[in-house]
Amino acid sequence: MTTLIVILWLVCSVFVIFEKKIVRMILWLFLSSIIASIIYLLLGSPDLAMAEATASAFVTIIFVIGFEKFFNLRDMKKYLKDEKEIEKENKFKRYILPAIISIGILVLFINFAIPVEQNDYLKNLILDRFTIDIGGENAVTAIYLGYRVYDTIFEALLLVIAVVAVVHMSNFDITKVNDGKHSELETSGMALFLVRIVAPITIIFGVYLIANGFLSAGGGFQGGLAIACFFVCRFFIYDIYDLPIKKINRLEDFIFIIIVAMAALTIFAGLIQQVPYRFMTLAQEIYLFVMNALIGIKVALGFIILFYRYVAIERN
Amino acid sequence: MSNVELVSIIVFFLAFYALVTNRNIIRTIIFSSLMEVSVITFWLSIGFRERLNPPILYTMADYEHIYTADPVTQALMLTAVVIGIAVTAIKTIMFITLYRKYKTTDWDLARIRKTEG
Amino acid sequence: MNYFLWILVVLILLVIFRVIKGPTIWDRVLAFNLISHKFIIFIVIFASIESTTFLLDLAIIYALFGFLGEIFLIMFLADRVRGGKEE
Amino acid sequence: MLTLYVVSPILLAVFMYLFTNDKAAKIIAILAQLALIIASFNLFLQARTYTVSETVGNYYSVTGIRLNVDGLSSILILLTTLIFLTITIYNFAEKKSKLFWLLMFIWEGSLIGIFMTGDFFNRFVLMEVSTIISTILIMYNRKHRSLYDGLYYLIINVISVQFYLLGVGYLYRLTGTLDIYEATYRIPHIDPSLLVLPYALIMTFAALKCALIPMTTWVPKALATAGAPPTVLAVMSTVQMTSGIYLFIRMHYVFGDFANNAIFAFVGASTSIVGIFMAISQKNIRHMLSYLAVVQFGLIIFGLNTGDEYSRIGTTYHMINNAIAMAALFLGTGIIIEKYQTKDLDKIQGVLKSAPITSYVLIFAFLSIFATPFLNGSVSKQLIIRDMDILGTIIMYIISLGSMVIFFKFSSIFFGKSKIEESESETLKMEIQEFSIIPLGLLCILGGIFSREAIGIFFNAYKSINIAENIQHGVIFVISIVIAFFINKLIKKDTPILKKLQTYDMGIRGIILSVGLFFAFILLIVGF
Amino acid sequence: MIEIISNVIISIGIFFLIIGVFGIYKFKDFYRRLLVSSKVDTVGAITILIGVIIRHGFSFFSAKTLLILALILILNPLTAHILLRTAYVSGHLLENEDNKKGD
């Protein structure tokens, strides 16, 4: 089963690489990511499968907005004309030599990648201990929010930086757009009605994922993206850009501070281990839940800003 | 070497080949995303066995954890996925701004226009 | 039950040929839609074999996010594609 | 509480960004830097006697992330805080927004984190953070920024970090741990043929971060990009690039006997020599300095991989000296460029008269770099040379000679008549900037005079230079400076080779291909 | 017994899916392909999910499957509708069975 799906993934990846048109490349990439996430599911990691599926949808949205101008033929033709301006390289140097080199490196790599059993030391240690040390039932969440919360802080920081970077790199300083460029699709009544039904489901589902994060697959990141997805639906319905981006941005930074403070107080300072034994499980579950919720809100706000930034301002 | 590992390495070097041969900035961005996916797949294939159970308490059937997936790699790759999205967003916005300035999607042409001023 | 999964994967492989072949972008998106739905069914049957409830969350995520990405692609294609020509 | 060193700058930065205005941010920044430098000095004193170690969250054994501060990392943390204090003072009179301080502080936190962490994956995360922040910061000026350079720098870093991640994956499978020190104990018991792949993958990334040949071309993209603030470049050329060297040192330590020194000695030496030719051909000040940085980092890699304890101590000392000198050079040229509004080497003249303090600091920094007797650079270079064989010694002197030629080419800006008028309003700002770089110049001199004490404090090893060595070094120095002078006279004419070198630029495809080729090269040499 | 019934129902659903895949190769026009495949696909999905629900009886699993079923019922026709509408609005023309251009 795994073999066949892996082959599917390989086919999709090959087509990402050899496809000429940008839209098709994006479509293939989306497909490739989704098949990859099925592979993750079969490898026993539903958490990551969820993360990859949500992430790939968001990456597709970013790519679609960002590369929208290069979808049609005329731009591609212009691009080809540009290419002629530079002196022509010969085919051997451009395609065949790199192909030979890449295949050579691949063969070398596989030659040295000797199959060997995994050393299970850390895995067994964590699987044996995580219910006592961190609590919860999901080992992945336990590592993500417990043993390696130090990494998670930097990951959250990276999202803050990404938002700052997107605002800074863009040429536009505007943060509030009342009447942006509307999408050309005159959404039909039926579509509108049905999206209206779907939108609340996404937000409920996101909250469910966050709340259940430490008990089963899912967690802050996946739930946060699902909540952000609600705002994408909102964009479909109303077609307006009236969110107070600046306030959301401040809120996001503020929540980041709370996350860091929370992690610093409970994990770094070791407060959670000081809790009396009777209340240990309760304290741990409260910690995991609150942390998941905070990360979920932070991720949701970050992605809302990114999405609105792209769709409302960068399209002009 | 499991199939998953083999194919993820093949995809890694396919993306490498594509990065080396193409001249288009958009493609470079898309291929580097593909590279990230392949590396994540490789990491998950580290403890490969047929029919692994998720590392969630009530699905873990055995106490020696032989048929339980490794939670460490999963948690690490969750971080890597988020980093991947953040980097992708930044790359895309940089490309958009670059296009506005130099009116090209070509690496070499952008360089020429940069030196021209 | 396992046979169903095999059949589904083979079907997905068949639909992928439509994504490769499909003369217009609309065919490709349509085929993509079919593939993502087959994956949802795949996950449901897989969860049913394993009897694990939380795998169904993944199916819901596929349904929601596959739909969103797809709709986004379609909407932005609308003003880029004119006169029936692809791209 | 080692985490505080990393988390507190970041928390403070975000807090400042949210709740203060631009003016208050500046004052808080200086106070915080002072506090940090005191704290890191305290840490340094602790780490002199024993390795300060802490597991985040006090979890059992290697389940959590372990932070380690030993002698080397505490020195580098001290250096980081010192340079950040300098640039905070340098920026004091300038109008920089809160955003700048936010990014700067996060950068500082992540760099301290890189020097502290004892975890493979945590290092990857921190490296990504610092890469992205430096990308934003080198493009901080919205008007003059060069997006091509920024994108080039970001993409090559993001792609090569995938090699590192793959390598860590293989290492994790072999050792079953992500902790660097735990891995160090386990690796000797592993079959060497299994280690080839992770070694090659990790070292490829380390080599890119150290700007070894053939992956050098990202350095001018990062360090000479148009419109980058000089303060950012000062951090970039010193601490950010030193973090690459630190990665290299740590990874070589992890692999222990398996690590292959000969290749990297060869690659480091050739990087230096190629860097010299590239630097001589440049006409843009910043391009020249960025290739000078390449020369220095090549030399450091060369020194690390040859010889014994002496050269290792010497190289580490050289790393610090080089960082101080580089910071002085980039900040000093920043003042000059702002004054003359040009980066062209031929158009700037008479700096010695118009900005005397700056030019003295620049001259001392350069003197330190090419190992003038009695300056810190000479001490470190003599320590490196002490136990080297003849070939290594010759290479070291050739590199010194090359640096001298670069200096002679650079020194044309000091003489002649300056054509600019002084404006009243700018003087205060310039005075503060000049004031901030004086300590760096002084450190170059003090590090030479009190070299015995400095090495004693830094490395717990009292190793001094005897008189015979000093005389020998002095004679060679004088001879080489004469040779360098004549070489400089010779190359003044525009030779076609130099012109070709000046415009040489490897595209993104070339550099990615060279990453792959370097990887294959290491695989071939180590594997067979 | 329940197992066999559910297996039969799922098999019927799979059969519908196979027909749907056959459909996208049989017809030469995009609109026809859309019509056939989306309808048949939805029917197949519903049938399979009902089979799964029967298999698991009255449980939390079935409730969740029911939610997925509802989502598919909404989303699949919706996607087809938007796809068709967009294709039509942007001027993708109808073709005759023997591949001639229509009006």
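Annotations for the structure displayed:
For clarity, chains are labelled A, B, C, D and E in written order, and residue numbers in each chain start from 1.
Here is the rule we use: a residue touches a chain if its C-beta (ideal position, glycine included) is under 8 Å from a C-beta of that chain, and two chains touch if they have at least 3 such contacts.
Model, not experiment: these values are computed from the prediction.
If you take chain C and chain E together, the chains in touch with both are A.
Between chain B and chain E, the least number of touching-chain steps is 2. Relative to chain A, the chain whose mean Cα position lies farthest away is D.
For chain B, the chain with the farthest CA centroid is E.
Comparing each chain's Cα centroid with the centroid of every protein Cα atom identifies chain B as the most central.
The interface with the largest number of contacting C-beta pairs joins chains A-B. Our note on geometry: chain C versus chain D, Cα centroid distance of 49 Å, whole angstroms. The geometric centre of chain A is 33 Å away from that of chain D, both derived from CA atoms.
With centres defined as mean CA coordinates, chain C is found 21 Å away from chain B.
Chain B and chain D, compared by their mean Cα positions, are separated by 29 Å. Residue positions of chain A with contacts to 2 or more other chains are 26, 46, 98, 101-102, 105, 109, 113, 118, 120, 122-123, 126, 148, 151, 155, 158, 161-162, 165, 169, 171, 185, 198, 201, 216-217. Counting partner chains per residue, chain D shows two or more touched chains at residues 121, 125, 128, 132, 135, 147, 172-173, 178, 513, 516. Residue positions of chain B touching 2 or more other chains, listed in rising order: 16, 20-21, 23, 29, 46-47, 54, 56, 72-73, 76, 79, 83, 86-87, 90, 94-95, 97, 108. Across the complex, chain A meets chain C through its residues 1, 4-5, 8, 11-12, 15, 21, 23-24, 26-28, 30-31, 34, 38, 41, 46, 49-50, 53-54, 56-57, 60-61, 64-65, 68, 71-73, 76, 183-185, 198, 201-202, 205, 208-209, 212, 216-218, 222, 226, 229, 232-233, 236. Contact residues on chain E toward chain C in their complex (touch as defined above): 7, 10-11, 13-14, 17-18, 20-21, 24-25, 30, 33-34, 37-38, 41, 44-45, 48-49, 52, 55-56, 60-61, 64-65, 67-68, 71-72, 75-76, 78-80, 82-83, 86-87, 89-93. Of all the residues in chain A, the ones that touch chain B in their complex are 2-3, 6-7, 9-10, 13-14, 16-17, 22, 25-26, 29, 32-33, 36, 39-40, 43-48, 51-52, 55, 58-59, 62-63, 66-67, 69-70, 79, 82-83, 85-86, 94-95, 98-99, 101-103, 105-106, 109-110, 113, 115, 118, 120, 122-124, 126-128, 130-131, 137-140, 142-144, 148, 151-152, 155, 158-159, 161-162, 165-166, 169-171, 216-217, 219, 221, 299, 306, 310, 314.
Remark: chain C residues 2, 5-6, 9-10, 12-13, 16, 19-20, 25, 28-29, 32, 35-36, 39, 42-43, 46, 53-55, 57-58, 60-62, 64-69, 71-82, 85-87 touch chain A in the complex. Looking at the complex, you find that chain D touches chain A at residues 1, 3, 7, 10-11, 14-15, 17-18, 56-65, 99, 102-103, 106, 110, 113, 121-122, 125-126, 128-129, 132-133, 135-136, 139-140, 142, 147, 170, 172-178, 193-194, 196-197, 200, 513, 516-517, 519-520, 523-524, 527.
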